[in-house]
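A single structure is presented below for examination.
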Amino acid sequence: MRIGVFTSGGDAPGMNACIRAVVRSALAAGHEVVGIRRGYRGLLEEDFHRDEDGDIRMKLRSVSDITRLGGTILHTSRSSDFRTEEGLKKAAEILRKYAIDALIPIGGDGTFHGAVALSRYWKGQIVGCPGTIDNDLLGTDFTIGFATAVQTAVDAVDKLRDTADAHERMFLIEVMGRHCGSIALYCAIASGAEIAAIPETPTRIDEIVRRLHAFTQRKKTSVMMIVAEGDEQGGALELQRQLQERSCPYEMRVLALGHLQRGGSPVFADRILAARLGDFAVQSISAGKTGVMAGDIGGRLALTPFGETYATHRQVAPEDLHLLEIMAT
Amino acid sequence: MRIGVFTSGGDAPGMNACIRAVVRSALAAGHEVVGIRRGYRGLLEEDFHRDEDGDIRMKLRSVSDITRLGGTILHTSRSSDFRTEEGLKKAAEILRKYAIDALIPIGGDGTFHGAVALSRYWKGQIVGCPGTIDNDLLGTDFTIGFATAVQTAVDAVDKLRDTADAHERMFLIEVMGRHCGSIALYCAIASGAEIAAIPETPTRIDEIVRRLHAFTQRKKTSVMMIVAEGDEQGGALELQRQLQERSCPYEMRVLALGHLQRGGSPVFADRILAARLGDFAVQSISAGKTGVMAGDIGGRLALTPFGETYATHRQVAPEDLHLLEIMAT
Amino acid sequence: MRIGVFTSGGDAPGMNACIRAVVRSALAAGHEVVGIRRGYRGLLEEDFHRDEDGDIRMKLRSVSDITRLGGTILHTSRSSDFRTEEGLKKAAEILRKYAIDALIPIGGDGTFHGAVALSRYWKGQIVGCPGTIDNDLLGTDFTIGFATAVQTAVDAVDKLRDTADAHERMFLIEVMGRHCGSIALYCAIASGAEIAAIPETPTRIDEIVRRLHAFTQRKKTSVMMIVAEGDEQGGALELQRQLQERSCPYEMRVLALGHLQRGGSPVFADRILAARLGDFAVQSISAGKTGVMAGDIGGRLALTPFGETYATHRQVAPEDLHLLEIMAT
Amino acid sequence: MRIGVFTSGGDAPGMNACIRAVVRSALAAGHEVVGIRRGYRGLLEEDFHRDEDGDIRMKLRSVSDITRLGGTILHTSRSSDFRTEEGLKKAAEILRKYAIDALIPIGGDGTFHGAVALSRYWKGQIVGCPGTIDNDLLGTDFTIGFATAVQTAVDAVDKLRDTADAHERMFLIEVMGRHCGSIALYCAIASGAEIAAIPETPTRIDEIVRRLHAFTQRKKTSVMMIVAEGDEQGGALELQRQLQERSCPYEMRVLALGHLQRGGSPVFADRILAARLGDFAVQSISAGKTGVMAGDIGGRLALTPFGETYATHRQVAPEDLHLLEIMAT
């Protein structure tokens, strides 16, 4: 079989480890692999990864020593015009032209929406890998890139704690995750942050101000508040404004970590998850599966139909909310 | 209730996060907490953690901002004379003297052996938390400290890859784990190491030399071999000697990472696991449990009798061995 | 003699290493040291660092193991009302009340302005140490904290490069330094950034757009632009706006590193500079000096009158601009 | 002119940044650059860096984004047979064959010895750059790679401090530097280590034991001793043995950091030094210089004849010894 692999949507640390796993696992199983550059957009432009001699078939050597690299050697993009009927037909044609039997897209919900659309026009197999820092997909406990994003956020909070203590200040740190509060929640528990604002629970400014006053009474010299970018009250700047209005007792500073969370060498957990799911995706294709995402649920490998992975929002575990409350109060 | 908490045996990153969780969770539940310094040895010497005013009851403030610290604020020790009948009786007496109702020991198999012995002379509850980098306990997928130890090892391999490539050399990197190959296995998969030697599988020198010759043919410019300190063939120096004898085609260098793997700020996964298990240990004590270790199996909290946690060696998952083979060959 | 030490203004990594050096050097010379908390504001409030027994004299133990900590154990503040005549008189009185013979303020230009003002009302000796990430003082090649701030910025640019490459984007990264472009310049040279905008040289948008077009022709897949917060054209958001207006050929993203640059464990260069200058400040006081800042110029220790340290803006070395041009074009 | 650049001897972080600077500076000046792989050995084997199209002339693109990489893209080696008369003649011939006018070797004393030998048989210009972690060359305050090696060592000591404190132990940490104690001395001052053993000063075991007993009296819970691999009493294991014999009051552990110190992404100071010296080497060649090493002394660029750079051992600055004494006692 000839398997096409590509990365799409926002990049996530561990995508390279996943590409490497797909290539090594496929070659070990006797398949061929071609790397499609720049996601769906690159597919439409027939932009393939090529070796020095121009060959589009990836070798062991093509993925040598990329495990530790951030970003993606196949590059990525967010393509809007792919999902027209015309675009999908053209993509299907190109896949046939290059004799590609199966696809392994690595990305998030947008990527899987695209896969579902494509499968209306193309009959090859598609098994996806969850590559996004947001951890917002059902069908896997963690997405590839989430662990590194959380670690980056925790390292940042650790650093800011130093300067917050020195000045006796409060910091509002905005982390990524779109409509999902996972990064914020994990970051808050792990960093010992005092407050977290996430979209899955109501953010009550009055209640926060009340707690801040309690902190001043306990002579707390610094306060860290982690804000999910998708919090229903708004981002960190908006929350700062609202806290200011309600006479927040601490001098505040805001920092949005932004794209820092996407970069850097992946932590080992993302590398291992990427290896596991990349290998499992290849095995699933060998076993004839299609239209599914490879995931890890409670330590067991599992396949979930694309449609279910993004059908509803992931619920926050009540235990994690309990933990936040105990650890942060 | 009055709960005593202590750390014992080899220190592990995340022990402080666990102490903090125990204190915060216990205070939230209305219990008192006393910190016993230096493990069982400190218990025998009535060496308690004391606030500035001399009070042995720990406060929220006693564990303020310790989540990110390596080591253990309660210190630790490996006590040999604790487990005499005399020692155990004395320990029981001291626990009664200080009106301690329950104990939360944080440590590994030696610590839990001690707990079992102590329970013959003392009728309070004991619920342990798995604090060891070795990941060698049954009853939890991961022990507190393991993730940080693996990350430290992976970071080291990443660094050594640079210099190995520059000189076209092979490195044998010895990692910790005693009789357990978990750190070595995870480190090898995550770092893309070419070879791993672990106690759970036979290490065949001839086979390794054969693969090394294949590498030279593929013009591989560097080779990383991860050696578990407990490999049945010996440590990294011994393996280097044996490889040398069989005409290893690469110039070799050896590095034993040693105690580096115990130190440093814990990665977020260890902090969260520590928080979860520390809180769960307190809840389990409130619920009347005793003689058990708190663990996390497949994302679910679970209690396992002490005796079962160290009864047999942890098996390596066949999927992980498969992954190593695919990723490393 | 009794020496008072304090930190003031924005905190900088290495301040703790400097406090430690002052204490150790002073005790070795037979002096006493008292730590004033929260800068000039703490002085007015008689807020002294106290040992567990309430003693204000600092011991070796008071500064044990603080070298590696970010922030400042003495805390800091930016006091506006200190510099009234009333404030200065009160401060002088308090210094006499506590029998303080000499002061070692650790901070930046605001701190030294305060020292000059204070010396009109108080006759003790004052020898300052340059503690600021901005590197904007004359009389020393580098200020304490600058090296760590640059390293933090370079680490961030390295991370962003991953994600910029993956998406074929341009990043505008805003770094600190107030009116001084040192952090931006060093960060740009060290990170191999393509463009730097600093206040010391004219930032010409048209010229930048021209170069960006040349980059697209060379098929450069990512561009990093380092923006000093004090650039005469404005910060990173403003420059993004201007570039957008002139049809920048790259999709742009902005990140302001903000207070991340103040936090974290100091790099070794800051720790050593802090040790050297803290010790030198104590020696200078022993030698009867006053009204000066301790600095390191070309590897030699030097004292510079406070007034000269902030009299004019530091010039950017032409060699560094040449280097930027060669390395970045 | 056609300039050949190569790295030789032990690799050092920053070598890639230096290669990049040489290439960019030379191209900007209108020269050609060829990269010789694997040092003198590669020269003898006509092993040149080649672009995808086989061209040996390096382009801007050849050194794109390598600043942050450890190791050396040109690889390195320690060649013993280069320095025979035959080897030198052959090397000279090859240089003439490829029309190379000038060489920029990046390495340490062995590399410069080689350059001096080669210049007896070849009349091209040679200007070297100091690339070695050892900091053992006269003619420059710091060598490229030294800063990263010190930072790696300091990070390791910070980590070990956690576990040393937890167990109330002493660690002997062996660092690199061959006959030179620079890494050990800087690491000791920056990490707040209690003891340093360096070849430039007598290491007196009795005196050390006396101090250790004083530490126990002050109830110091951990002791860090930095040992230069070239200490005249031997390495860390030998010193442990001697301390054990004299009844060292602390339980001891040994860690040799070894090649960890050579790897990893270079810190900014090494990158900037590399850029500065690489550029200066090209300028010096343009100006007709030869037989000299480019260095930075007190912030000023300087050329030193090769023979002087390794003629005598670098002296340790008395101020640094004073600093160690004050900071460590």
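By letter and in written order, the chains are A, B, C and D; residue numbering begins at 1 in each of them.
Methods note: a contact is a pair of C-beta atoms (placed from the backbone, for glycine too) under 8 Å apart; a residue touches a chain by one contact, two chains touch by 3 or more.
Please read all numbers here as calculations on a predicted model, not as lab measurements.
Participant: Listed by label, which chains are in contact with chain A and with chain C?
Facilitator: Of all the chains present, none is in contact with both chain A and chain C.
Participant: Among all other chains, pick the one whose mean CA position is farthest from the mean CA position of chain C.
Facilitator: Checked the centroid distances; the maximum from chain C is B.
Participant: Taking the mean of the C-alpha atoms as each chain's centre, how many Å separate chain A from chain D?
Facilitator: Each chain's C-alpha centroid was found; their separation is 40 Å.
Participant: Please compute the C-alpha centroid of chain C, do the same for chain D, then give the distance between them in whole Å.
Facilitator: Here the centre of chain D sits 29 Å away from the centre of chain C.
Participant: Using mean CA coordinates as chain centres, what's the gap between chain B and chain D in Å?
Facilitator: That gives a centre separation of 36 Å.
Participant: If I count partner chains per residue in chain A, which residues reach a count of at least 2?
Facilitator: Residues 158, 161, 165.
Participant: With touch defined as at the top, which chains are paired up in contact here?
Facilitator: A-B, A-C, B-D, C-D
Participant: Across the complex, what residues on chain A touch chain C?
Facilitator: Residues of chain A touching chain C: 7, 11, 13, 15, 38, 69-72, 75-77, 152, 156, 158-163, 165-168, 171, 221, 253, 255-256, 258-260, 262-264.
Participant: Where on chain B is chain A touching in the complex?
Facilitator: 20-21, 24-25, 28, 60-61, 65, 67-68, 141, 147, 150-151, 154, 158, 161, 165, 186-187, 189-192, 218, 265, 267-269, 271-272, 275-276, 279, 298-301, 319, 322-323, 326-327, 329
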